[in-house]
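Both complexes shown next keep chain A, but they swap its partner, so chain B is in the first and chain C is in the second.
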Partner chain A sequence: MLALETLHGTRIVAAPEALDALDAATWSTSVTVLRFAPDDVFVLGAETISISGEYAIVEAESGFVGCWLTDEQLAHVAEHIDWPLPVERPVLVQGFVAGVPAKIWLTSSATGERSLLLCAAPYACELTERLA
Partner chain B sequence: MLWLTCPICGRRPIDEFSFGGEFPTVPDRITDPATRDVDYVWMFDNIAGVTTERWFHHAGCRRWHTARRDTITDAVLHTGIEDATDTVL
Partner chain C sequence: MSRIVVDGRTIPYESGDSVAMAVLRAGEHPHHGGALCLAGDCPNCVCEVDGIAYVRTCQTPAKPGLVVRRHPEVGAPEIREPAQPNVARSPAAAHIEVRRIETDVVVIGAGESGRIAEAEAVAAGRAVTVLDSADGNEVVAIYGGPTVIVRRPDAMVHYNANEVVVATGAAEIQPVCPGNTLIGIVTARAADQMHTAGVDLGVAVAVGTPPQTAPCMAVPGSLVRIVEADGKLSAVVVSHDGNETTTPCDTLIVGLGFAPRDVLSRMAAPHLPVRTVGQAAERFALPPCPTAGIVCPCSKIGVDDLDGVWDRGFRELELVKRASLTGTGTCQGSVCVPHLRAFIAERSGAIPEPFTARPATRQITLAEAAADVHTDVFRRSPLHDEHLALGAQLDRFGGWWRPWNYGDHVAEYWAVREAVSLGDVSTLGKLVLSGPDVVELLERLYPTTVADIKPGRSRYVLLLNERGHLIDDGMICRETDSKFVLTFTSGGAANAEMWVRDWIETWGLRVHVLDQTMSLAAINVTGPLAGELLQRVGLADQPSFLHHVHATVAGVACHVMRLSFTGEASFELHHPADRSAELWRALMASGRDLGVKPHGLQALFGLRLEKGHVIVGMDSEMDSTPRRLNMDWAVKMDKPDFLGRSALARTADLPDERRLFGFTVEGAAPTEGSPIFSDGAIVGHVASSFTSPLLGHGIMLGWLKHTPWPEQVQIDGRTATVARPPFYDPEGLRARA
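Entry: the complex of A and B
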């Protein structure tokens, strides 16, 4: 059974141009930048974030839960998705996983491919039970 | 199953989306601002054929987008992230 834990990060809503720069910046390997939408990004593991957008909203976010998946777990999760997972990495995919709104961050590193499954905290129990 | 292509997330089943109604257009012959407002909110064309609609991707990016759909064949001809206040297509 997946152990979904609260993800403490920073949520930024800003003009797409400002977030493009944030997205393209070079981050340390411990930082994960998840672009939910052109004007919405969720950053995990960053100490400080500077954003140039005049009307940017930057707030601490702890409303998501998630866990890193092994290859076997990802294959199991993929069986509960109606749409095909993309081949390219890194990529954030969003949609129903076992009928629950969720997101999967698919990335690759020197040690191999990594996948982060996350969803809004209120869906945590439902998603865990459906993937059990 | 009907599929829609979200401009942000890609091709997804229709049950990931919420229907937001027809993309409202007001005929030019209506010039009174109050009457135009009434027409914008309440009058629907209910076209049998190609129509422009708003869809909300609630299971993914949680953004509205616009789709051109043939209501007879259910074929989706175009999707985009145009704002409802824009004049498109």
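Entry: the complex of A and C
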């Protein structure tokens, strides 16, 4: 059974061009930048983030839970997805997993990275049970 | 020799036999008559097999002990009761595995055209998957993607492909003439199959193109009718050069041409990369227009039925189909569509295209259709386990599991009125808005003045649509000049978020939106001792009514909003979801000697009803205006514009008979939804009701929809008095305390 843990990070809603810069920046390997939408990003593992734009919304985010997946676990999760996973890596995909709204940060296992399955915390139990 | 069981009798079969072939080998018909194709195209061999109805027995391999039951000749097959019926529980669903496979090219059909398509794709360096029912891969649908849905004996398989090639060949035309439902008629291909299998055809006569191997006597001419004797055919009548001849026979073999087996092609949307090849793409000549006999063997629709439909004015293929049900049965038009097209072509002078096909092409069980389909997911608050530990009865509200009560809703009620209570309001919608145009947005969005809300202050607001109808309500909390927090109802939050985002885009305003509905939890601390409890856990500087502050409560960073839905002093503590259980436990522990209890929705609904607070969607209707809800006070018509203003201005002076009222009744409150009577006529209904422990009688909100509004009405056989809420603390002193 997958163990979904709270993901502590920073949620930023800002102008897309400001987030483009964030997306394109060089981060250490411990940082993951998840672009939920053109104006919405969730950053994991960054201690400080600077963002341009005086109206940007920057909030500590702990409302998501997730699990870093082995290749086997990813294959298991993929069996519960009825939409095609893209080939390109890395990429964030969003949709129903076992009927639960979820996101997957797909990485290339060839580079030693692991993919991340995440969902809003209120869905955690249902997703875990359905993937069991 | 192994045997199957057909209608309670054992029938032997030989290796390689299908169920239908075994039945034919025994000298019987798998159904009650009709031409057999033995290719899965016609409905004339369908039976119940091992409890599953509408199974094509010609496609079903015979296995030892297989239990086959013929469908009734007229009507639908019997629906079996579960072995141990239990009306309180649904029977356990059969588990059907679903496999999803990514592939490049799917070729449906392993015949000649399918093999060519496969070879072409392989030569182009592409990965190919060939699906054929003979290999146990029965394709039942093509959806967008394209995704090919395959029924296998052991699973449902979904192939997501870049390209789909339909190479399903052609079906043989079935005869339509008097007597075409008799036993003893087979197509040419079926005759060859039977001959190869060693099934005796008796005296066989062929009309049209004869079979390739089955011995028979070819009779020239066109089919006129099939003659019956003792329930099966005894002779065939053909017309040749103007003369009718009758030829006695045991078996009639028909070779009447072909129709493309293109139902999957007709199912796929035109923009999808789905192409049809071989005979499935061929435009065969239509058969002659039918003049008598059964056209649709699935639904037993005859030519006379089609004539009746035509005479009633249904002239297009889709309309004739719908009016007659031709083509809607087991074979999904495989047998009848060529004849139906010929029927319409002769009458209209134009050959209609076949109708669009819909999934599924084959009968699949409900378990197969529902395989891997999940029920709606209901969210769990971060306090879910706390509620369960406290003995909560949970129920589904607004897409969430929420506590209905903790075993004694009256005790929970009194805790709010006399002491302090905690309510889990994590489910409320919560949006953060920021931007240079945020005030402009909110002024347009809400009927309330927003610009004059100072930072640190909040205001109750209605959300109206363009017609001035209430779609949600909540609070506006101003953080800074350009940043606000909005709250919405639990059930309305998702729509409200879309509503806000849509209007920002429509108006082209510069506003950022962050939805924190599921990121933040919220606990409502309410009751006359709420302030004291919060003092104990570190909230020294408490906001006054309709103010909000950011503060640390029991070590947890909170956005504290002072408001009231219960009618008592209330503080909503919005905080990070992952700290919620910690905060809840601290509040429960610190308030033990204050009599703190959690309260569920059952108590909350009563508490707010005493105050006359409306619950959107429960007390309001789809077309409820502020006036109808007695909430004109929340609308500032002197604002130059807001969503719904024009509609409200236009209807302000029109007579309106609908109005939400309060009602009181002696004794227990009537059931919600009860009709309201006046002078014997129904004049409205009860929207909410509660037996107030404090007031000692029933109170209600309900609609009166006919004027003049009476002062007394009859509800549940009792006299109720029309009243103006609130029923409790009308000055609102307790909420502001």
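Everything that follows uses one rule, which is that the second predicted complex is superposed on the first by the 128 of 132 C-alpha atoms of A that agree within 3 Å, B and C clash if a C-alpha of one lies under 4 Å from a C-alpha of the other, contacts with A are read in each partner's own complex, and residues count from 1 in each chain.
Here is the rule we use: a contact is a pair of C-beta atoms (placed from the backbone, for glycine too) under 8 Å apart; a residue touches a chain by one contact, two chains touch by 3 or more.
Predicted model, so just to flag it, every value in this text is computed and none were measured.
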item	value
Which of chain B and chain C A:Phe36 touches, first, second, both or neither	first
Touched partner set for A:Asp82, first chain B, second chain C, both or neither	both
Touching partner for A:Glu61 - first (chain B), second (chain C), both, neither	second
First, second, both or neither for A:Ala21, with chain B first and chain C second	neither
First (chain B), second (chain C), both or neither touched by A:Gly95	first
Chain B versus chain C as contact partner of A:Pro122, first or second or both or neither	second
If touched residues of chain A are counted for chain B and for chain C, the larger one	C
Contact residues common to both interfaces of chain A (with chain B and with chain C)	40, 82-83, 96, 101
For the chain B and chain A complex, residues of the former touching the latter	1, 8-13, 15-16, 58-63, 81
In the complex with chain C, residue positions of chain A that touch it	6, 8, 11, 13-15, 39-40, 55-57, 59-64, 78-85, 96, 98-101, 120-126, 130
Interfacial residue positions of chain A with respect to chain B in the complex	36-38, 40, 82-83, 86, 93-96, 101
Complex contacts: residues of chain C adjacent to chain A	98-100, 102, 145, 147, 158, 160, 372-382, 384, 400, 432, 434-436, 482-483, 510, 512-514, 516, 518-520, 576-579
